[in-house]
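Listed after this line are the structures, all set down as structure tokens.
Below, chain A partners chain B and then partners chain C, in two separate complexes.
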Partner chain A sequence: MLPKGLEKQLNILDFSLTSLWRRKLKNLSIMLVFALVIFLLGSFQMLTGALTSSAEAVLENTPEITIQKMSAGRQEAIPLAYIEKLRSIYGIRAVIPRIWGYYFDESNLANFTILALELGSMPFDSNLNLTLAHGHFPKKTEPGTAVIGRSVQDILGLDKRRTFSLFRPDLSLKSFKVVGVFSQQTDLLSNDLIVMNLTDARDLFGIPVSMATDLCIYVANPTEIETIAKKIAVLLPDTRVLTKSQIQKTYQVVFSWRSGLASICLLTALVAFAILAWDKASGLSPEEKREIGILKILGWETGDILAVRFWESTLVSALAFIIGCTAAYIHVAFFDASLLKAVMVGWSVIHPPFKLLPSVTLADLLLIFTFSVLPFLGATVIPAWRCATVPPDSVIR
Partner chain B sequence: MRPSHTLFIFLLLLIIIDGMLYLHAKRLSKDLKEDQAIQAIAVAGLGLTDLGVATEARYTRHPAVSDPMAPFMDHPGAIEHFPTGSFWSAPTNMFSQKY
Partner chain C sequence: MLIELDNTTKIYNQGKPNEVTALHGVNLQIEGRTMVCLQGASGSGKSTLLAIIGCVFPPTSGRASIAGKQLSRMPDRFLTIHRREKIGFIFQQFNLLPRLSVLDNITLPLLPLGISPRERKTKARKLLGQLSISHRENFPAGQISGGEMQRVAIARALINNQPIILADEPTAHLDSRLSMEFMQIMTDLKASGKTIIIASHDTLVSEHPAIDKIINIKDGRIDVP
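On to the complex of A and B.
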């Protein structure tokens, strides 16, 4: 036997459900549009949250300091002579010159990232082969060899072929032999990568022996990174000094509510909701008013009528919220966020499969709930209260 | 059957689906931790700075080491035209710390 209060609420819930079902086309449409808006917002938040947390997890070991030479507001090659100047700063453990850049493959319209550095001097060097599906990284004694990402292999159509050629700036061809392919596990980082020897990269890009693209600096004491960065900036005023914390910070802000698509999603949601709320708040239909009047004549109290309206709004908005959030998770986890991915990768020919864990945090769910469900409840219950307080005979007449 | 009972059955169905998704998330999280350990080695060993999500423009391939002005550097008065530029917000506070 249910307590009397609960039994009453169950009866009101039954009445609300029947009332919703009577106008099923209208209510189902509202719920679907509402769920769609929540789905879009939820998908965006889950995808960007997943990318941000992935970046946070894997970019822990980026170079402690990166130095780029600037000229006329653009990055240009940095002279290796700067390494000698840097030796005067106490606390620098290693300075590693790096050559990297982009190679546009005109036949496939794909952008590859070419990377070359002295692998033997980098941290975790001994474990680096774990990142490969097969093969090994190019050794100093193996000129003309390269390790490639999985998409590079696909786009170049290598299949079982081991050699490929790239154009130098003077349009002469340089051939490479594939000695390794990156593992599927590193796709998010290495999908478009071609790793080679420094000598080969210089030859490919036409960079003089005395130059590099940038310098990676590792310090003896990580707590001194900021101090050493300041000293470098003073010593080499024509350079831009990036610290590890700045690089990590990038991904905390790069996908945010301020980004264009997020603003569009948010604005669309707000406009959709504003139209809905305006429609609701502008008053009930004569039929709904008459229904309230009849209920009051039959002995219903104002509180009971408000309870009916509350249950109706709660059911529509809460079900839309649950369905929208569930669909958003399924969209990101099982369908690679395919609706957002098209916008996110743009004209990129190479893009990794999004094997990501959708970020579902209480804070995000509460934010979406607060922006969608609570205002909807307010917008539907308040007009009902205004109508319920009017004498019933004036409503049904 | 009372309408509320139908609702409870529907809610139960949603709870079961969400529970299964929760279990899926737990398993995926475990798989991804293994992948992230390998990715961390690649980052340390190759000095990588960015995720390779969008490769169409240098400022979306390597936002961490690109200048925030890079999208507008093609010529004086250039406007940003890559589709991904609408998704990625400029890392505004990245260069706020001057050395």
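On to the complex of A and C.
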């Protein structure tokens, strides 16, 4: 036998369920609209999470400091002679020249990012292979080899073939053999990427042997990054010095700003929904008012009526929350957030496409819950309380 | 005395422009195990008197003692609990929840008492049997006849075994045969120890031999002939 208090709550819950069922059309329509709002809010939240975590995964292996030569406010090739100058700064672990450029494939109307560096000289070259779905990065002893992103593989039709060719500036062809493909986790930045040897990149772009596009600097003590960056800026005043944290912040700011803007629009929709729910609930139908009056006169306390309303709202909003969040996850995970991607990713949606891995944290779910379920509960329970505290004498008139 | 009103006044919207005095210093005593008929024209204060006896709200001034409890200044929560334990209501419009089953309508007063579904059903089925409507147990209350609705309303008023039954114009929507049946049920309930107060214009009620006392209300005052 259950305690009276628990039995009472079960009775009230049972009554709430039958009450929901009695007004199923009204409750179903509210639940679906609510689920749609949560779906949009959840999609933005999960999409932001997916983009941010993808960016973080990729940026994990970026150099601690990157320097680029600037002239008239624009970037130009940097002489390798700068490496010798940098060796005078205490705390620098390694300086690695890099070529970073873009290649426009006219036949497929796609832009590829070309990245070339001496991977063997990098302090953590073994970790880099973790970003690959299969294969290995080009070795210095393997000229004419490349690692490609998943989209490059699709666009160039390399699922069966292992070689492809790109045009040099003089329109002669240079051939590459695919030795590895990037994994989906790094799609955000590696999807359109082709990684090759420095020698091959210089050959492809026609860059002199003594030049690179930028220099990657790794430091011994991560706490000294900012100090070393300042020393470099003083030593090489014609360069732009970028730290890893600055690049990470740029990505975060871009996605958070877009997410914030979208969230403002969505919160407006949510507020409109809350006002609608409030209006519906405070303007209780004559049937609902009569029902509250009957229950009160039959000995139901105000708290009992509020408990019914609370359970009804909780069940509707919990169901809407589960449906909305599940739909948002499916939307982001299986449909690539196709409804919202253009808003969040900007120009990068044009070409080539990339696959999203949704990132859902407890904090995200709590945030969505706080901004959706709690206002709904307030918007429905408070007006019911106002109605339930009025003496039910209208029923006997 | 089971019910005792002493100089009871009820003012609606007190201090506002639309202030209305519904009862003016009413004095009333009703003994237990009696059947009383409350008569009065529309707007005479009959419903207000019934609401005070039914512990729906306390009087504005004066004393109102119902089943041993003083209602004056009693907080709403205690008023509700007292009403639940002592008063059973039968309404003119029956006031059933039309989409709820007959059984569920009857057991409504038991839900906040924490009584298990099995016990609720047992109590309700016993009353359904006594009132000869067991065959309608699972019907939605909105889909049964007026006479059956009346019996469901009676069953609901009796489910918690309250000592006082208040009926507001209970025969207004019934034909004479059903009205007679209703009065027979009330007579049986009086015999079983209930106190019954019926507000009605119907002579079939006021002239019924089981009625012990007739109270006339006019302009918020007890009209002594």
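Annotations for the structure displayed:
To be clear about the criterion, the second predicted complex is superposed on the first by the 230 of 397 C-alpha atoms of A that agree within 3 Å, B and C clash if a C-alpha of one lies under 4 Å from a C-alpha of the other, contacts with A are read in each partner's own complex, and residues count from 1 in each chain.
Everything that follows uses one rule, which is that a residue touches a chain if its C-beta (ideal position, glycine included) is under 8 Å from a C-beta of that chain, and two chains touch if they have at least 3 such contacts.
Computed from a predicted model, the values in this text were never measured in an experiment.
After overlaying the two complexes on the shared chain, residue contacts for A:Thr18 are found with chain B and with chain C alike.
Of the two partner chains, chain C is the only one that A:Leu298 touches; chain B does not reach it.
Using the contact criterion defined above for the overlaid structures, shared-chain residue A:Cys216 touches chain B, although it does not reach chain C.
A simple residue count on chain A separates chain B from chain C, and the partner touching more is B.
Look at A:Pro392: by the touch rule set out above, it reaches chain C but stays clear of chain B. Judged by the touch definition given at the top, the superposed model places A:Lys26 against neither chain B nor chain C. In the superposed pair of complexes, A:Leu117 makes contact with chain B only, with no contact to chain C. Judged by the touch definition given at the top, the superposed model places A:Tyr329 against chain B, while chain C stays out of reach.
By the touch criterion stated above, A:Gln246 is placed in contact with chain B alone, chain C being left untouched. Contacts of A:Lys4 after superposition: chain C is touched, whereas chain B is not reached. Touching of chain A by both chain B and chain C, each in its own complex, is seen for residues 14, 18.
Within the complex formed with chain B, the chain A residues making contact are 10, 13-14, 17-18, 21, 51, 54-55, 57-63, 66, 68, 73-75, 96, 98, 102, 110-111, 113, 115, 117, 119, 122-125, 127-128, 130-131, 149, 182-183, 185-193, 195, 214, 216, 229-230, 232-234, 240-242, 246-247, 249-251, 253-256, 258-262, 315, 322-323, 326, 329-330, 333, 343-352, 355-358, 360. In the complex of the two chains, the chain C residues touching chain A come out as 47-48, 50-51, 54, 56-57, 76-77, 80-81, 83-85, 89, 91, 95, 97, 99-100, 104, 108-117, 156, 160, 168. The touching residues of chain A, when paired with chain C in their complex, are 1-8, 11-12, 14-15, 18, 22, 290-291, 294-302, 304, 389, 391-393, 395-397. Within the complex formed with chain A, the chain B residues making contact are 2-4, 6-7, 14, 17-18, 21, 24-25, 28-29, 32, 34-36, 38-58, 60-65, 67, 69, 73, 82-89, 91-95, 97-99.
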